[in-house]
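Lettered A, B and C in written order, each chain numbered from 1.
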Amino acid sequence: MIYRETGQFKTSYAADQQIFPIRQDRIGIGLLLAVAFLVVPLTAGNYWFNAILIPFLIFALAALGLNILTGYAGQLSLGSAAFMAVGAYAAYNFQVRVDGMPVLLSFILAGLTAAGVGILFGLPSLRIKGFYLAVATLAAQFFIVWCLTKFPYLSNNSSSGVISVPNVEILGFTFDTPQSRYLLVLTIVSVLALLAKNMVRSTTGRAWMAVRDMDVAAEVIGIRLMRTKLLAFAVSSFYCGIAGALYAFCYLGSVEPDGFSLDLSFKILFMIIVGGVGSVLGSFLGAAFILLLPIFLDISLPALAELLHLPFDSATVSHIQLMVFGALIMFFLIVEPHGLARLWQIGKEKLRLWPFPH
Amino acid sequence: MFKKAKQLAIATSVAAACFAAAIPAAQAAGEQFFLMPSYRVGPYGANGQSFYGGFIDYLSYVNMKGGIDGVQNTWEECETEYNTAKGVECYERLKSKAKAYPGPIHSMSTGISYALVDKTAADQLPLAMMGYGLTSAVDGSVFPWAFPLVTTYQMQASAIIKFLKDKNGGSLAGKKIVYLYHDSAYGKEPILALQAEGRLNKFDLVEIPVAHPGNEQGAQWQRIRQEKPDYVIMWGWGVMNMTAIKTAQKMGFPRDRMIGSWWAGSEEDVIPAGDAAKGYMSATWNVSGKGVPLIADIEKTVYGAGKGNMKDTTKLGTILYNRGVSAAVLSVEAIRTAQAKYGKGKPMNAEQVRWGLENLNITEARLKELGATGLLPAVKTSCSNHEGSGMVKLQQWDGSKWTPLTDWIEGNKALIHPLFQADAAKYAKEKGITPRDCSKEK
Amino acid sequence: MQFFFEVLIGGLLSGVMYSLVALGFVLIFKASGVFNFAQGAMVYFAALSLVGVMGMGAPLWLAFILAFVIMTLLGIATEKFVLRKMVNQAPIALFMATIGLAFFIEGLAPLIWGNEVRALDIGLVDEPIGWILDQHNMVISSFDLTAAGLALGLVALLALFFQYTRVGRALRAVADDHQAALSIGIPLQHIWALVWAVAGFVALVAGMLWGSRNGVQFALTFTALKALPVLILGGFTSVPGAIVGGLIIGASEKLAEIYIPPVMAGWFGGNFGGIEGWFPYVMALLFLLVRPEGLFGEKHIDRV
């Protein structure tokens, strides 16, 4: 009843082709952004900013990057964390080595650097497919992290290889409070997410999907495979690179190459699979799920054990957490292999009919 | 399909509600709260288990003995899995609880402590990095809130060299030493110090890195066999340690010429290697065994009352357990020191605990009072020296237990400490920190 | 030159250890098309069960049998509660589910057996063989030789099993074409449970050897990372490929670790050791550019 597009007539091509053709969606997105930009900064506490909201947005951005590559262009990658590392270290180097370099510009340059590296490691995708490619992207994962460890120049000759980033300052304003950092990250992520949403429904995005569904067929209808695949790698790495720069500058403050480990790559992969492969919204939902679930288990299980008077020590609780996490992932995949985004779609379908289900 | 969606939606919203409700409330007033980003699962879970077990047992012990002059200790653990991002989340989650009356925060992870250095400084909470973490924090003028207590990797490396020198009649000239290290921040920290020692003592230093996780070291040890070094100094962690010991056996390199760092010298590292580990040496800043009266007393008091944290009581008195106790002893002593200045029997706030950590003076006499003679070296900190001791012992594995080989050995402070200051100055410049003037600190 | 051969032989023998882990991946991928990421966790679980049962006083052979029973149960449970419910889903979803399974096992194993690092003594000493050391000054470990022998024996056993038993033939039929196998009356689900049990057996052997080499602990799960390049090189569906791939990877990574870093140091200055982490992957990648299906993989023909 509420969510129904009856009566919304499109009278121009522009109206038909806008990103959110349904009025309710537009209002919803507007409300969401308003809440995110205005209400959240005023109400949330430091814990929410520092430990949940900022990492959520950053991981959602990285997941979005991977989703472009895996979900839209169909190239499975296990190297997202490495591209984040490239972004983080590149942004750091631009900041430290070029005097007066604006932070935002160094973020963009970092993204471009990551894109360049992404193209390089995307080249094998022209020959290799599926799981072979996935394992091949592990080469990127291990090689890049090794490079960052081995070339002292990249970490500004820090004896331990750890970089500690300078404060973020834009036009004389220092982003040192959690709120301000949150707003900065939110702005960047919103802009990039909107861009992504637009990109995946453009010619480029449709070319990606054609390649994903069957590359031989795509080639037959005149899509240039090499260009399309490499573009997907570049755009995906660009997103991951920016996410990496934000991870270093706005979240941790100091990173070491080992922090961008295979585990992190997997985590990002989880996000898109749980959230929904081939969905911008899914990247956000997945990031929220994968990030919040362990925290939730960490908080609730000890409390639950205490409530039920179970004689669990901390180690047992930690092990059970890991098991529950694994079991929930399997459960979700069994119940809804298309991810949380699909659930949202089902919900929308339902709302459209509600309250008359037939 | 719809039904499924509904079930999931309900489950998710219930979960979300629980989650919101479970966000921690403020703690009771009048207690000293220890925020503990600990780890008990994952590749290093076994190590975390013993360390945090010992730490918590000592806090319980102090509580059972009437607290710190009547002030009880409380704590809350949070599983980090040795993962930096999770560690930061734990810290952020619990820090509001720790705000009022914090105990020093121990993360036992170089990665996590690196990430926490800035955050604790901004939040003004005391951070301890005992035998790991950012070593340049020895310079307290730049790092008022971070304390690499007792000793650092660099001082340890220097002490090991001193030990070898003494063993070789006072000179290492012309000797060859291989430094085999975990290729991460942890393993890279001592390189500068070792190179400086190498120039000073005229020995050849060969650096051989091992890629994480280090469960395969055939090539490295073949290289060592080819180099024919006099000694191998090893900076390993977790599975890398036993692999190194076993591979040394495979290559026929004598274990009594291998010396590990203190993270390569616990029972967890040598027992799995079996007989191969006999004769292997390592540095340590705390001894093992229940021979220390304090450890025996903890077993009697805490475990006697059924309040022990360790499920596996055979781990009591192991190196890492005792290290956890030592860390807790120093933390509690810092609070005591603060109480002596700011009022006995009161819980201490962050600044007061920080002052306590900076003005620790644990003499041999004090250690004796605590029943901890020989457990750890005497520690005396100041604004310009957050390390406080810089001493380690060398110990040897005899197949069933670690036996101390030496008394406390101090590294070459004159050589090493300027390295910290240079590093700290660089850090201050990058971060725009104005260092405190330590001569004005009281 | 002698040193070169020593490194080469050492590498080949390590390679066999990688092959063992890779074998488990191949078996499951061949029979069910699932890229089983939980293989590393299974190695850990198997080794831990073995040590756990031995810790209760059982001799090695009995512990081995009991651990095998445990792994079989795990395989059956996996098939029943996870895979059966995910029939016809995309390979990536199945892959993902095995990652979930890996987490589950990584929590379950220490929950049952405790997470201490333990020694596993199977009566093999890891020391250089005396006469080779004396006569040729080369270090060849007796343990590695025995392990290689065991691995080859295992492969031979598997080959016989696949070739000459009824179940083995059914397995091959399923691997060739699920639907055709189903239509001639082969019970797919039993076969899948069986293949997981066989993979569990391989994991047990791998866990036993790796565990007695480096201690039984969580880090056994990392052995999977050593197996992946072997898998790409040898092809996901080939048992001989896993062996040959392992030998190539083992030998080349050791030789690379010895000979490449000095060259790089010559170019850039500094210390470039520790390339073992990525070298096998890059090598496998380069190899794939020439042969995209791996050494012995099946060639796919795309039809539009």
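Keep in mind that, in the parts below, contacts are C-beta pairs under 8 Å (C-beta built on N, C-alpha and C of every residue); 3 or more make two chains touch, one makes a residue touch a chain.
These numbers come from a predicted model, not from an experiment.
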- Task: Considering only which chains touch which, label the overall pattern as line, ring, star, complete or other.
- Result: complete
- Based on the averaged CA atom positions, which chain is farthest from chain C? B
- Cα centroid separation between chain A and chain B, in whole Å? 34
- Message: Suppose each chain is reduced to the average of its Cα coordinates; what separation in Å results between chain A and chain C?
- Response: 32
- If you look at chain B, which of its residues touch at least two other chains? 40-41, 45, 49, 183, 211-212, 311
- Send over the residues of chain A in touch with two or more other chains. 146, 149, 315, 319, 321-322
- Message: Using the touch definition from the top, which residues of chain C touch two or more other chains?
- Response: 106-107, 110, 115, 271, 274-275, 277
- Which residues of chain C touch chain A in the complex? 35, 82, 85-86, 89-93, 95-97, 99-108, 110-111, 115, 225, 228-229, 231-232, 236, 268, 270-272, 274-275, 277-278, 281-282, 284-285, 288-289, 292-294, 302-304
- Message: Under the definition above, what is the set of chain B residues touching chain A in their complex?
- Response: 1-2, 4-5, 8-9, 15, 18-19, 22-24, 38-41, 45, 49, 52, 77-79, 83-86, 88-89, 91-93, 95-96, 111, 114-115, 117-119, 122, 134, 183-185, 188-189, 191-192, 211-212, 309, 311, 423, 427, 430-432
- Query: Considering the complex alone, what residue numbers of chain A touch chain B?
  - Reply: 45-47, 50-52, 55, 96, 146, 149, 159-162, 164, 166-167, 176, 251-259, 263-264, 292, 294-296, 298-300, 303, 313-315, 317-319, 321-322, 335-336, 343, 346-347, 350
- Footprint of chain C on chain B - complex, ascending: 40-46, 49, 183, 207-213, 215-216, 218-220, 222-223, 225-226, 238-239, 242-243, 246, 249-252, 268-269, 271-274, 276, 311-312, 315
- chain A residues touching chain C - in the complex, by the definition given at the top: 70, 76, 124, 127-132, 135-136, 138-139, 142-143, 145-146, 149-152, 214, 216-217, 220, 262, 266, 269-270, 273, 277, 315-316, 319-330, 333-334, 337
